[in-house]
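I've put the structures underneath this note.
Here come two complexes built around chain A, the first alongside chain B, the second alongside chain C.
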Partner chain A sequence: MGIEMPLKVAEVIEANTTEFTAQCYELYQAPPFGSLVKTSTAPVEIYGIIYNTTTGSIDPGRRPLARGKEESKEEDIYRIHPQFSSLFRTECNVLVVGYNEEGRIHHYLPPHPAHIHSFVYQCSDEEVYQFSQSLDFLSLILASQGKSPVPVEELLAASLRYASRTHPERGEFLITAGRELTLLLSKEVNCLSTILKRIQGE
Partner chain B sequence: MNKNMHYEEQEDLRLGIVTGGSLTRGLDVKLDNTDLIEDVSVGTYVTIAGERHHFLGMITDISLEMVDPMLSINPPDLSNPFLSRVLNGTIIYGKLHILPQLTLSGSAASLLEGPQQVKTIPSHFAMVRQASEQDIARAFGEEDEKHIYIGNPLDMETKVCLDVSRLIERSNGIFGKSGTGKTFLTRILLAEMVQRGNAVNLIFDMHNEYGWMSTSESGYEVKALKQLFPSRVAVFTLDEQSSSRRGVSTDFVVEIGYDEIEPEDISILQETLNITDKGIELVYELHEHYGKKWLDRFLSQSVQETQEELEQRIEVHRGTLQALRRSLSQLKRLHFLVSEARQNSVASLLAYLNRKMNVVLEFGRYRDNILAYVLVANMLTRRIHDSYVRRKEQAMGESADEPVPLIITIEEAHKFLNSSVASQTIFGTIAREMRKYNVTLLVIDQRPGSIDEEVMSQIGTKMSCLLDNEKDIDSVLTGIHGKSDLKVVLSRLETKQQALIFGHAVPMPIVVRVKTYGTPDSYEHYGSITPTRAKLETEDIDDLWG
Partner chain C sequence: MTLDLVRVVAQIDSLAHNLRAEEKVRYERLHSAMSLLSSYACETEKLRGKIATSKTSWLIAEPQGKLDQSCPPSPCPDDFTVIATDGSQIDVDRHYSVSCYLINIGAVTLHYGGNPYASLESTPFLYFGEESNLADPKGMWKQAIKGDLLGIKRSVDECRHLTELAQSLPLGTPALALLDGSLVLWRLETQGYPDFVKQNLLEEGFLSSLDSLSKLSEQGNLTVASYISSPGSTEVVNILRLALCPYEIANCDRYCSGRDTVRKCEVVAGIRDRDLFQQLLSPGERSALFLTRSKIVRESYREHQILFFYLRLEDEVARVEIPRWVVDNGHLELTHALILDQCHRGEGYPVALSEAHEKAVVSSTDKEQFWHLVELALNHSHLPFTTSAKSQSKRTRWV
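What follows is the complex of A and B.
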């Protein structure tokens, strides 16, 4: 097995203990919703889950205008105005769900938040597999309820679907995760059934 | 880690974990998986691995639980395998109710002490698994000279044994409604006791079932004691004709002289003979006046004569005398009653018992005749008890040997032991004085609810087949730990050949499938266990003294 270079995708531009915001190097090239990323802030690597992605104007004062009235294809807009790609940016909000210290994964919040300008890498399948050996991150996600504009059920379901792809026994993994969620959400049956519906088809 | 080894090996039998409860109310156990629910049944045993002890407990209830009542309004679709696996054992789960009974301790020192009655409970989330055959065997002991194999637990092949020495220490009871197997269970117990010889039995055999052959409900013939142990069992009969017609080889024909009947014998028959309180007073007066011959005189002479003779003592109404005479005339229909008996039945009964011969007294054509049964059983028992009291007292004064423990078996026990007569009859006395004079009872009854409460509380070991009357169930379970739990168990027994056994001779209540009696191989066992050598020697010495 060759050493896979981790895929560098973004850079931290704002951070606190529970989350950080990263700007993607490429417009629209954010890691998928619910996927696992990491950022290195020596001596630890902080793991996070993408919970919200926004694309907008670099200058908050200037809103983009609609440009495609005369064009037949959307790509033509960017072809005609190549500068647009650098006027907009894509940002991700990342929920901190653990960290890695000297090769040991902890599923709780790190001692310090990420530094600004830390690089953000997309985790490899192997890392996702290792990280999701424990399902404690589910309770950290649940605790973020209300923070993001995205319903927490959606985030839970997306992160489980994403992680499940790396497990050879995908169905078993989802059942175990489902049972864990059932215990966490035993008092919120409606919320639970929403999530279960979203992961059962996998 | 080490001490749990044994239990970890059997991980596959794991049922769930303890989630709460108390010693008196019992423990709640959450099943790991609802699928297990249909594999467990009330009356079976579980073991619980506590920190320092292992506990044995009985499943007394099974229920379905859910964490959120919302689920019953909007039930999940459990036919979906994913949902079913996610939800089972998490927010919907099965719950067992367990009555803790014994601690099987883990340490080597306490292994020697054997199982102890529970005095504490396991801690939270202790692991619960189905009891193994070894766990049950450890609690009930192996079948041997000192342990009677009576049957098997539900769903298990382990033998459930009764401790013989504890069994004969107290009076015992066999209950259950008609046709549930009381007589079969009694035959098993008697046969086991006869073959061990720790006690001698006197059986008042109302239905002619214990001495010789009888037919089971399903039509096959069942052997009884005399056939199994010809040299250790004697059959006495009240009706020689009936016995010989049935091919029974009898040892003694019982006759009872009118002069042997005492006022007390009549007084317990007050209801059966329909005698008023005044009438009973009169019986005592007659006895006072005429002495031993009172009954014969009263029945043979005219009412007028009696009235005149009594007038010197007391004033009596002719009406009372006439009514009493009518009642007592019913005794004339009992042909074993004679003016004077040719042989003294009590003396020969005692002679057999002293030689450690077990005696079955057949009622022949008087089967189901309550008058005959109560009269004879009460009269004979009273005399025998007198003799035991005398001998026991002599033994205390060291001028004689202790009498061999005697067990008297009576059917329809409530006739002798209901609250209105228990205080007067000899049976009430025996039940209450425990084994002070080496005499105890084996009572068999369909209606334990009619037996006097105090007498019930003195019964050491109770073996109950199915009962469905609330009052009967209540009376059988009086005073037991976890009564309401065991009620469920008792009323769920099979209609035949299953019994809940609890009390002095077993370490904890247990439901058994009573072993089968009546098949050729069931008899093979008898004769395999013989009285111990020492006992035989004393028997021989007794014989020398005659």
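What follows is the complex of A and C.
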């Protein structure tokens, strides 16, 4: 696996111990749902998983109007109104799932939340691989049940699918993850079944 | 209870009733004005002669073509840029011990065509100390910049920033530099400010920017205009008033001042230019050009004499003002086409001005935050920050 440079994609605009919100530098260019990102808040790097992405007007008082009735392509709307790219913004909500201190990865919450204006980087494949050597982060995702605007089952499945792509033995990784989930969700068969269906065939 | 809306409703009913009663008279006057416009359409030269010699109590424009001319728009170029600035201010507040004011300038660049892009920015400027006054270089006089004068200073700053934006544009690409409101700083004339104020804000400020814009317009493909939505002006209707005047050389003060008899020119009273052109023009068309004869322009604007035309949009008639050199440089049709295109893109109002306003606007909450920050900064420096009892009373409402 080659060494990849981390890609700076966003900046923290709101943070607490369990999650943070980041504004993306480019419209619609949020990291994928379920992907691993990190933010550098010295002396630690905080890891998080994208659990929700929102795009809307920068000014809450200015609601976008439908503009494309006369256009044949969606791109034409942005071509005719080039200012739109500056008037909308994409934000993503990130669930904190661990941190790295002095090269050691911890799969539990960091001592302090991220700082406002901390840069957010998309983790390289190597970092995702290293982070997902332990599956303890799954319990942090499960703990967010009820808080996230998306079903936790979807987030668990998406994060496992995303991480599995960095493992040479992809199937084996998913089987191990499935076993872990079976332990964590022994009393929630329906939930477990939903997740397993979503990671099958990867 | 603050405003008793129940009691206001009854008064609004009277207002509507009154307007209904006036509507018939207004319709008749508009009909007369339209007939006059056609009758005198080809007498431009004769009217110009009478305008030059007459002394009227109302501002009158000088027609540059047939009065009832209507010009369709030219097509837009494939690639073009529109730049615009607008400003907002926090005025000096005499209730605070600190004397300062703030001007926030919104600046917009929109490029259309093969590689569309947008830049929307705002820049705040805080003026205090010596900068909060204009000083007479020859004497001890000082004029505080506040109220109306701050409004003029803001217009000057808007034009200066527009010039800076224009200077950063690549030469060659057709471009429109757009301001909100009038290019005529008439309030500098009517408020009776001392000459050094006019020198500073007009000659060294506004006209200096127009000098630079004029050079850019001459070298490249830049046109400059200001846009007035729903204008209340009557400078064209006043041409009809003059045409109706029975005196060879009209002189309102000499012939009609204090007379009880109804003046003949009252036939078109109450009609605005926009009412005329709403009837005359089809959507997208512009009127003939007119030269403003505002005193300040004639006496002080040098080569930057201001022309204007009316532009018919779907829902309203707008007034577009341009310096004369825009026409001399052959950019009149470009101005017409690009402003119309801006209005189409902006649902009836130039989108660049709309966005510049959005970047510039200072809300009442912003003003409160601003004064709070001033208070904090003064406290941090162990300086007193006092407010008047009236201001304090408004901030801490009690029963």
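Keep in mind that, in the parts below, the second predicted complex is superposed on the first by the 198 of 202 C-alpha atoms of A that agree within 3 Å, B and C clash if a C-alpha of one lies under 4 Å from a C-alpha of the other, contacts with A are read in each partner's own complex, and residues count from 1 in each chain.
The definition used in the following text is that a residue touches a chain if its C-beta (ideal position, glycine included) is under 8 Å from a C-beta of that chain, and two chains touch if they have at least 3 such contacts.
Predicted, not measured: the structure shown is a model, and the values here were computed from it.
Participant: Are chain B and chain C a fit on chain A, or do they clash, once the structures share the same frame?
Facilitator: With chain A aligned, chain B clears chain C, so fit.
Participant: In the superposed arrangement, which partner chain does A:L183 touch: chain B (first), chain C (second), both, or neither?
Facilitator: first
Participant: Have a look at where A:Y78 lands relative to chain B and chain C in the superposition and call it first, second, both or neither.
Facilitator: It touches chain C, and chain B stays clear.
Participant: Once chain A of both complexes is superposed, is A:Q200 in touch with chain B (first), chain C (second), both, or neither?
Facilitator: first
Participant: Per the overlay, which chain contacts more chain A residues, chain B or chain C?
Facilitator: Comparing touch counts on chain A for chain B and chain C gives B.
Participant: If you stack the two complexes on chain A, which partner ends up touching A:K8: first (chain B), second (chain C), both, or neither?
Facilitator: neither
Participant: Once both complexes sit on top of each other, what is the least C-alpha distance from chain B to chain C, rounded to whole angstrom?
Facilitator: Once the two complexes are overlaid, chain B and chain C approach no closer than 51 Å between C-alpha atoms.
Participant: Which positions of chain A sit in both the chain B and the chain C interface?
Facilitator: In the superposed arrangement, which is not itself an observed complex, chain A uses no residue for both chain B and chain C.
Participant: Quick check on the complex: what are the chain A residues that touch chain B?
Facilitator: 171, 174-175, 178-179, 181-183, 186-187, 189-190, 192-193, 196, 200
Participant: Would you tell me which residues of chain C are touching chain A in their complex?
Facilitator: 108, 110-112, 116-120, 345, 351, 355, 358
Participant: Within their complex, state which residues of chain B touch chain A.
Facilitator: Interface residues on chain B, with respect to chain A: 67-68, 70-71, 74, 76, 80, 82-83, 85-87, 89-91.
Participant: Which stretch or stretches of chain A touch chain C in the complex?
Facilitator: 59, 62, 78-87
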